[in-house]
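Below is one structure; the comments refer to it alone.
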Amino acid sequence: MDGTVHSVGDFHVRFSMQSITKVFTLALVMSRADHGIWRRVGREPSGSAFNSLYQLEFENGIPRNPLINPGAIVVTDQLLSDTGDALSALLDLLRAETGNPELSVDSVTAGSEAETGHRNRALAYLMASFDNMRNPVPEALDHYFRQCSITISTEELARAGLLLARHGVRADGGRLIDHGDARRIMSIMLNCGTYDAAGEFAYRIGLPCKSGVGGGILAIVPGRYSVATWGPGLDTKGNSVAGAAALEAFTDLTHCSVF
Amino acid sequence: MDGTVHSVGDFHVRFSMQSITKVFTLALVMSRADHGIWRRVGREPSGSAFNSLYQLEFENGIPRNPLINPGAIVVTDQLLSDTGDALSALLDLLRAETGNPELSVDSVTAGSEAETGHRNRALAYLMASFDNMRNPVPEALDHYFRQCSITISTEELARAGLLLARHGVRADGGRLIDHGDARRIMSIMLNCGTYDAAGEFAYRIGLPCKSGVGGGILAIVPGRYSVATWGPGLDTKGNSVAGAAALEAFTDLTHCSVF
Amino acid sequence: MDGTVHSVGDFHVRFSMQSITKVFTLALVMSRADHGIWRRVGREPSGSAFNSLYQLEFENGIPRNPLINPGAIVVTDQLLSDTGDALSALLDLLRAETGNPELSVDSVTAGSEAETGHRNRALAYLMASFDNMRNPVPEALDHYFRQCSITISTEELARAGLLLARHGVRADGGRLIDHGDARRIMSIMLNCGTYDAAGEFAYRIGLPCKSGVGGGILAIVPGRYSVATWGPGLDTKGNSVAGAAALEAFTDLTHCSVF
Amino acid sequence: MDGTVHSVGDFHVRFSMQSITKVFTLALVMSRADHGIWRRVGREPSGSAFNSLYQLEFENGIPRNPLINPGAIVVTDQLLSDTGDALSALLDLLRAETGNPELSVDSVTAGSEAETGHRNRALAYLMASFDNMRNPVPEALDHYFRQCSITISTEELARAGLLLARHGVRADGGRLIDHGDARRIMSIMLNCGTYDAAGEFAYRIGLPCKSGVGGGILAIVPGRYSVATWGPGLDTKGNSVAGAAALEAFTDLTHCSVF
């Protein structure tokens, strides 16, 4: 939290943030007083695949939590309504927290997401059918797909993650969200941050984590550190194999698990 | 089947065909030898709501049957691929069978469907995510929405239904589909033609029926008659209350149930 | 319906009736005026496996129809309450309709059912948890397991099936159920009588059928014939392969499909 | 962890442990090297009600985690196989850890559980149908029902909970389970310990908790304290209203949340 960075390996290589962005869009939405986001999305583990429709259908278009795909789409939709430009709001935050004003979207990745994202479209239209989308679906999804394609290095990601380790305090000393909201985000990360393997991560690593299919993982040691890993090889649940192993070794050696 | 028409009430009023069109698009697709449609859609009762996503998700994007919404979207998608213009193909058939060359789409209804059809979009994109759509989703749905908005009178609908009562023979004496395929369509109507009330209709009326939320019902007495009713008041399952009552009285009086 | 029997093959071999008994227990329950059975079981296709729990859970312990396992357990439970001895009531009926007073339970089969019927126990206790069982579960299931183990020949089964072909009139000329209730049972058979293949049977054969995993199938040509087949080889859905083929050939040759 | 006890209110009143026992039976099973329990039960959040069957059916009789009912039944079944007497094994542990050799089962509660536990029977027989029960269902359930009916005071429960706060070390200084297994149990408590409200508890309280419908809650501050509350009024999800409020106030005042 004092800004000292310890790095090993390819810590300057940029990779696609993908789902890791969900943590930061959520923080942005929660930064508004009276945000009302919990009327549109739940805070419980989902128990089903991160992009599943059936639970969403049974629960009337209210996603289980903000870290599964439909939940993150709702959060982006709200950020778009709140700011008029969800992508820019997120880029502004990440540029400020990482200290890198050049942080940007990889347009190739964004384009391929937009072409192949049929299931995300199905999720968004299903929510629209339950009146849980405020912007036109194609527009909200455009922001969603481009956000996911922001590229970042592990060093930058770790710096950005300090926002949570400091319980909501920004790099410039200002406060984005209050202490309790930072705790809430971290508890959702622990319960729901690593797709269908949240229970396994909670045991093996014991830290709030958020992974992305770009191979990155962000882990938080509340009040102390932020840790970021990158390894492109994914397990069957979509989490980085090398990243999970590194984090497990880290908590075994440092005993800094929350349990 | 000799062309004699018996009518009572508002038999010249035109109403929106809605789901009743599904029977005719299916016949058109089946009229092509080697149509392959049964690799894209099943033939079993669905046991869930006509526009449900969860069964479609569990069954990998293959709808249970061609008379629930996702099944009918697949059939329209195939007709579009087969003919280049699904709407015109259907209009041509219905104009020929009804003898009314003026039969057309009510553009107001079609427009409102297109605006509110979020759930149908969700269904179509979910099928696209399983690679079970051949045309772009917006294009296929445009044909689907406009087909549903064809307006017809009960007299015209009864004439069109003779196609099935004659086991596939058209008004001009030509054959659209073979005897066995007409039986198949009627068996699907009996099992799946009236939304979640197929079992109730099979008992009360005992005829292959297809209903639409425009208030119409088409019933077939195989080898003998075609019967069409219209009444705009719908029950909770989406079937015309007056139409169902009329058909029940009809089979009670005539004993022409298939059972 | 005049009692003439046409037979071919092993028509005197007795096999286990299994699920085919469900048709007759249902008729017995329906024979009581004010039976109230439709408050305890539905009449719609199930769309899921014959012994599935999840639909039963979502629908508060009310089985979809009387021909899937939980539905048949409810019917047996009611027959047990109505008569004090469900097995004897069924045996009495079948002995009278077949003309064979020796018809009985194969105790070896009954015992093996009782040992391996864990899923049926789960279904029954789930219904009990929704207060949809009237007798203690072990007692109701004992009657259910033993009923399924009644052995019968195709000739006898065909004779018994005339009860439905005659729309409720017994072999002795008395009436068990009224004409409408016989139609209802046959419509349920067409929609739900052959496990997950009801749609396929409706198309291929086009007659109300009820199959059993003992290899038997009972088919009804309403108002005309009753047909019974036996062949022990089952397809993946639990229906006799030879029986289905024979019935398909029969309706192709005689054109006596209901469609 | 030094044995000092701070108490307020009715801390000597005994209440029924109910689901809180699941934590201790799990610890007992895990205390055996090569216990193999994770082949019979998972470690992920369930996302559905604690006593739901449908997930169990889709996942072939393997419960999601050991703290929902079917998971706890499997754990008890294994403890019964391992020890020959699951109830006595649990009583021995709890008596030793609480220091109260009189701890016992409230036979009235146990009897009423056994009478009304139809859904638990359904769950157990469903698992038996997937070959995931080793003892006869009635016998395993008898141990399960009686375990749940052990009565305990908050003071005793807090003492017993130190087993986890000490990461597996018993009151007598011996070790029951290793440090990592204690972490695993606490991570499962955080994810799954409070029925459908695990996410809410993780946020509001931020401690591994296990609640019971007898009104008790056990919370662990890893490496420091064990906290037990009791209040009989339950919210709609089955957690004690007063207990949750007390724990929330406790972590707000002490800042000892894990986040």
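When the chains are written out, they are named A, B, C and D in that same order, and each has its own residue count from 1.
Convention: a residue touches a chain if its C-beta (ideal position, glycine included) is under 8 Å from a C-beta of that chain, and two chains touch if they have at least 3 such contacts.
Remember, it's a predicted structure, so these values are computed and weren't measured experimentally.
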Discussion item. Going by average Cα coordinates, which chain is farthest removed from chain B?
Written reply: D
Worksheet item: For chain A and chain B, what's the span in angstrom between their mean Cα positions?
Response: 45
Worksheet item: Whole-Å distance, chain B centre to chain D centre, using C-alpha means?
Response: 55
Worksheet item: Per the centroid of Cα atoms for each chain, what is the distance between chain A and chain D, given in Å?
Response: 32
Worksheet, complete the sentence: Where chain C touches two or more other chains at once, the residues are none
Response to the item:
Pairwise touch list, complete, is A-B, A-D, B-C, C-D
Discussion item. Using the touch definition from the top, list the residues of chain B that touch chain C in their complex.
Written reply: 42-48, 55, 64-65, 182-184, 186-188, 190-192, 196-200, 202-203, 206, 208, 222, 257-259
Worksheet, complete the sentence: Note: in the complex, chain C contacts chain D through residues 52-54, 57-58, 118-119, 121-126, 128-129, 137
